[in-house]
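Next up, some structures in structure tokens.
Across the two complexes that follow, chain A remains constant while its partner is chain B and subsequently chain C.
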Partner chain A sequence: MTLNNISSNETAKNIKIKKRITNGIINEDKNGLSNCETAKSCPKPILNGTVPKNKKEGSSKVALFTAMKTYVKFHILMFLDYINQIFSRKVVPEKQRKLPTQNGTAHNVKVSKESFEQPALHTALMTYLGFYILMFLGYINQFFFAPKVAREKNREGYVPLYDNFEKFYLWYVYRRVRDCWNRPITSVPGAMVTVKERVTPDYGWTFVFTGREIPSLNLGSYNYLGFAESHSKCADDSIDTLHKYGWATCSSRHELGTNNLHVELEQLTARFLGVEAAITFGMGFATNSLNLPTLVSDGCLVMSDEKNHASLILGLRLSGALIRVFKHNNMKHLEKLLREAIVNGQPKTGKPWEKILIVVEGVYSMEGSIVKLPEVIALKKMYKAYLYVDEAHSIGALGPHGRGVVDYWGCDPQDIDVFMGTFTKSFGSAGGYIAGSKELIDHIRVHSHAACYASSMSPPVAQQIITSMKIIMGEDGTNEGINRIRQLKHNTRYFRKRLHQMGVIIYGNEDSPVVPLLVYLFSKIGGVVRGLAARKIATVGVGFPATPLMEGRIRFCLSAAHTKEQLDYALEQIDDIANELGLKYSQKPRCPRPIIYGSDDDLDATD
Partner chain B sequence: MFKLLKDYFTYWYFQYELITNIYMFEPWEKFLLHGLLVCIIGLITYSSFVYLPTYLVSLWKSYTDLLSDFKAIYY
Partner chain C sequence: MTAMSFVFIPFTFIFNDVASIYVYLQIMLALLILWIIFKKKDPNGKCKLTQEEEAELISKWQPFPLVKPAPKSHRGYDKRVTEGKIGKYINVNGINCLNLSSHDFLGLNEEKIIESSAIESIRKYGIGSCGPRGFFGTVDVHLELEERLAKFMDLEEAVVYAYGFSTISSAIPAYAKRGDVIFVDEEVNFAIQKGLDASRSEIKYFKHNDMKDLEELLLKQAQLDSKNTKKAARTRRFLVIEGIYMKTGRLCNLPELVSLSKKYKLRIFVDESISFGTLGKNGKGVTEHFNIPVTDVDLIMTSLEMAAASVGGFCVGSSFIVEHQRLSGLGYCFSASLPPLLTTAAIKALDILENRHELIDELQNVCCTFHQYLLKSDIIMNCFTLIGDDISPIKHLRLRNNGNNVQDLGSIISKCEHMNLAITDTAYLDIEKKTPIPSIKLAINRLLTNDDLIRVINILEKAVC
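Take a look at the complex of A and B:
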């Protein structure tokens, strides 16, 4: 768990750490015993310095043998993983799909333009080679020099607190490029952000501030609609609320923590989403992890996307329901698993399932892909399942009216049973909501731990959401909200097209404001982030625990606050760095014409 | 001209550092890895100069012997 900060968007105003534990970490076998694939593919390397203390010294031969065994096993698994990758290489084609609507008539729905281009064979080979060298030197380093860090003492016979592989990874992989993450900032993370400069005298073990503050272009915050501002209507309203209500309610919602702002916020959220009722919580992560156990329990089946966020995974594990993981955005695999599960019933007893819940996200924050909602809804209706959509990244950022993935696909909000989302991203605030039918919300309000025990949302935070949501809905009497949504859309399309033209590999849907740029190697993550920081652009690199081991990436988050000139500057610098570091892996044909900003206007006029 | 050459080598040295992750290492680790690489390349060059010619000659010899054996059988 200590690795979560590697993927965190530390420049965000309200840090909600998003951990992506990928590759089907919650694969569960039929007996309901969870086995963690990530841990399986990375068995703990036990070497001289880290032999568990409960072993006697006389058994050093055994320890050495175990170390060698785990080492060999690890490398065989890595090799198998690589072979598997080679055989599963493919470019997802753009397909025209026809889906029946509720009236039974078929019409063309929006085409999902998603791409997950795989790199050339030699790139994959190089990545593995680099990783082997990194591991090799890590082992040597660990063998000869024990780092001066805190260790567990007097814990003879206890299970060690820290996972050995995690420790090894933190010390010898992450530490080497640690300056690229968790950079402290001293301003609002709007379009520009002020980063505090720091240097490391001992290769990443410690850091010292130099006192310089660098204003940088911010491509790392989930500030999709640009509501993270220090001088705006939102900020003024929040300050007024602060004077009126104070900082916090100091109580939970069930007791004294509810005031009229919370009630207003919940009604507004429900109206915004087009559903009956909504409930809000003070923390986005807890919204998922504490409310899923109220919805599903033992005897229920959950179909979860493999790229689902850690908060969802945690919530599902806490709930005790059986989890089946389907391949990322792969509806055929989802249907196959659903059929199998329904035919076989519950394991051992064979009883029918109490509930079946499909858990998906709107925009997947590490892949930049958008869920194929119409297909999921069709499946959900066919197999009588419930649908839970986590709109953490899509609310506000997608759709012609900024109402998330439902608005984007033009679906009916009634088809989705549970809406979940956060206020952290587009609204520039903090917290999360769950919305749906009145019965659902009443049930959650009574049973949820987050409503019962957690303290309620701070009034200024709630006010920020209310004001920004009203701006998005156009209830403030201006066009500002719709302008911001259009600006974000143009920025997204323009940035993605330009990157594609450049010849770098980017993942995801063309409308997704999260743009992962694949760099594969650890050293290149470091190189790109440092290079961009030197050119006054703040970005976030994402490495192993958040992504598959070999798919290091740089994640750009676009915002409505960015202007075309800022994006042009960023693209120019990225092009420069891509040439310097050799990031132009793409083998796809590139657009020969210059990309014009906002050229999709006519196409989308029908939205 | 000299600068061009220098740029070229700087670029490829940087690529080499990135691909092998040497870019991330501490100086002594860099030294170790470079040393290892030099050792390996050195050994390969040495052995290819010392052993390869005699080995090739012996290979050729056995091949022609085999050929003459076949000839003896067929003709």
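Take a look at the complex of A and C:
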């Protein structure tokens, strides 16, 4: 997990293709070339067979040995991953099952249209091969190129701070695609975003700004409902608040950091979600990591989806509860684990569990899938577990009223024990909430680490949420909220259908505004991100270790702020790149009819 | 099997003896298969239950309630709600009070210039950044703030986090891992404690500011290390301290700590949340205060929620150390970046720190004067012990535990509130590492005049009688 967001790139094979598409964008692509030249005949100075001088750590033999060790270690990991992939390929996607009914009341059955198409076998093989070549080049590379990184000063004799393999991966693999992340922006992250252009004079070790600023179509920010705005009712209200309340509270909720905006926001959030009470915090990440430990502890069991966010995992780790991980959105596996757990009790002692908490997300931000909530609720009831739903990406973005995954599936909010969500995404603000019964929220108010020690939410940030939430709820007296929700839904369906038609593989649910486009090969992640950047489209790629090695992907985040024309432009460019780089892996039949934007035949009656 | 041979190609480049590695992998595979078969056939007593028995067990199991009923009355229930701006004065429950409770030591919350640039920032960037730093959440103001902070502290690099608490609790586990040893003062704040928990390292607590105790622990560790040098060569050692301790208001003994660290090769991480902007001639914190080269400490972790009067936090140090957090600091990687308006506010606060050194002087004077006033007041000192150094902007008043003088802190605080003084008792959770002693926490604001201070003393005296 430490090597987050990293992916990697550049197999010798792909350099030619990539050069074509990135021509003239960033000098980076020379990087790939020089690397493959190195492997054959290197024009660079240090090629006398000895280890470069910068390797202070003992003789060349020792250096070789440690390098080899890290290399082999990595290959063993890869091997296990590979075996795992081969086995998991056989797992057929779960069919929609009949829902167990409770007290005779059948759930509103909505079929989840979710797809995780597997690529052809040779694509899988190519991905592995590509990665091996990449690692191998990196391995060779480290003997010829001194890493241009800061060295530690005045700490001789200290135990080294970092692990060898980590360094190797960062310097010789991740570095080659470093330019695809952390690209600074200089504007509102709305439908368009201004990206600061930067180039690297030294193959990714450092960057310099060219001074140019490129307005790009923003398919990278989590601005689902388009509330990231600088001149709107939200911004005006926030500025008023800033005049009245200042910008910081400099105190925690338990001390003197509560102001009447917080109280208002919490009541509004509870009303929005249809629950009794809510509490808010200044950061979404901290909402998970500092509140989960108040809910479960030693002697409790947590069923956690394998794709859960780092903040959930950290919170669960801090809690001391035992964590069982179930396969992503796989209800059979969840049920199997639940049965086993209750039957076997706690490990070693066999004592019954104190509580069992199921932790899921509404929309998974890397997979684009939507939790099968009705089934989770049925299981939770059957096995008397508690349910914690992280709605970070689903609140606002899903459901006919924008009330998240509960609204989407038409479930009863009472069936969910703990609602959690963040205001960072759909509300264009920052912070997070926990909502549920009054009893639960009182407990959290008293015991939450964040309420006691962390500073409370900044007033203009809180105001942005209040205003945008009121707009979503229609309390501002306009249809703007509902229009945004509808626009997002139309955008999502249209964009996804068009991609399907194009023949690329995309993951996830047809209603999820997060659209991962699978490119598999490492080299292609960098290629696509740079190619789209050159065409003024801002996107992000995600690769190993944030995703399985096999499944490098590009992620598009749709927004209600996007117009059809903007999406059409993006689709056109994606199609172009998909042809050039060969991304059309899908073997499914394609829709022969043209896709019509906002065609109502497939939208729900509730819409 | 063709797939397999693809996978192993790279090995042939490294090993001359292809045959042996092949055999080795074959054995591994065989073991794997055996294990799978073995696992399935293992007659596990518990797994032999029939469906009905299982169903019965499941229906019999009753979980504990998700939460225990919370106490009827608690400070967490928003009993004291403020309204409007927080500065020298604060409006609590409708009463306008002199403010000795917010951590805005330098009084920057009242600076108009920060307010107007925050508004400009909203007009340029909106409110939220809508993404983590890696995914288009890096706004140019973040880069500017980082650069400015590094320059201000005379260090190479800084990283900005979106939340003060997460800064500290993410920075520690980015470096310290299982198998490492961390020496920690027992009075460290809760954010550090959570960071230590997340690191899973071995934690050794020494008595608060007790250098002898620390040295004993270090000697013990050295003995252990000499027994197992191989392990010792892999065990990273850290020392985690605070510049000014939140829980006691005392300064750390940095000169001694640095020399011990050099002797025993510890890396020092200092939480300067309170000392940043308040200690030293230029507000650079505890290193400047003790005149110690700032490169002697390895990492400075700071919240921006105190003297800088914004939200968020930052870590600053050499690039070698700090850059690592950009991929390993959980709160940095997996959370939306700090809203640009708050980033701008922090930049402006830094401007003020750089250009108006006298503010820091003024604050230190107010802190020391107030300390003297408290000590001089017999009524207050009869009732409380004053904890904390005179220069510290945080002071704790602990009730003296001599029989009939025990009063409820809460009633003192509410009496003060009715006399237009806002103070607060320190909020603690009962899961703190060391059970804290209840106290009133006084946070000193630079804007308090001498008259204000005398008034505070008078009110406190009246409240405790």
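The rule is simple: the second predicted complex is superposed on the first by the 485 of 607 C-alpha atoms of A that agree within 3 Å, B and C clash if a C-alpha of one lies under 4 Å from a C-alpha of the other, contacts with A are read in each partner's own complex, and residues count from 1 in each chain.
Here is the rule we use: a residue touches a chain if its C-beta (ideal position, glycine included) is under 8 Å from a C-beta of that chain, and two chains touch if they have at least 3 such contacts.
This structure is a prediction, so every number in the text was calculated from the model and none was measured.
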Practice problem: Scan A:Leu581 for contacts with chain B and chain C and give back first, second, both or neither. | Solution: first
Exercise. Would you mind checking which one, chain B or chain C, touches more residues on chain A?
Key: C
Practice problem: With the two complexes superposed on chain A, say which partner A:Leu129 touches: chain B (first), chain C (second), both, or neither. | Solution: both
Quiz item: After superposition on the shared chain, which partner residues are touched by A:Leu137: those of chain B (first), chain C (second), both, or neither?
Solution: first
Quiz item: So, does A:Ser230 touch the first partner chain B, the second partner chain C, both, or neither?
Solution: second
Exercise. Answer with first, second, both or neither: which of chain B and chain C does A:Gly526 touch in the superposed model?
Key: first
Exercise. Identify the partner contact of A:Asn491: answer first if only chain B is touched, second if only chain C is, both if each is, neither if none is.
Key: neither
Practice problem: Using the touch definition from the top, say if A:Leu170 reaches chain B (first), chain C (second), both or neither. | Solution: second
Quiz item: Thinking of the overlay built on chain A, is A:Thr249 touched by chain B (first), by chain C (second), by both, or by neither?
Solution: second
Quiz prompt | chain B and chain C contact sites that coincide on chain A, given as residue numbers | solution = 129
Quiz item: Given the complex with chain B, which residues does chain A contribute to the contact?
Solution: 126, 129-131, 133-134, 137, 140-141, 176-177, 203, 521-524, 526-527, 580-582
Practice problem: Please name which positions on chain B make contact with chain A in the complex. | Solution: 11, 14-15, 17-26, 29, 32-33
Practice problem: Quick one: which bits of chain C touch chain A in the complex? Just the residue numbers, please. | Solution: 3, 6-7, 9-11, 13-14, 25, 32, 46, 49, 54, 57-58, 61-64, 66-71, 74-78, 80-87, 90, 92, 101-104, 109, 114-115, 118-119, 122-131, 133-140, 142-143, 156, 162-166, 169, 174-175, 189-191, 194, 197-198, 232-237, 265, 267, 295, 298, 303, 305-306, 309-311, 318-321, 323-324, 326-328, 330-331, 333-336, 338-339, 341-342, 345, 422, 424, 426-429, 441
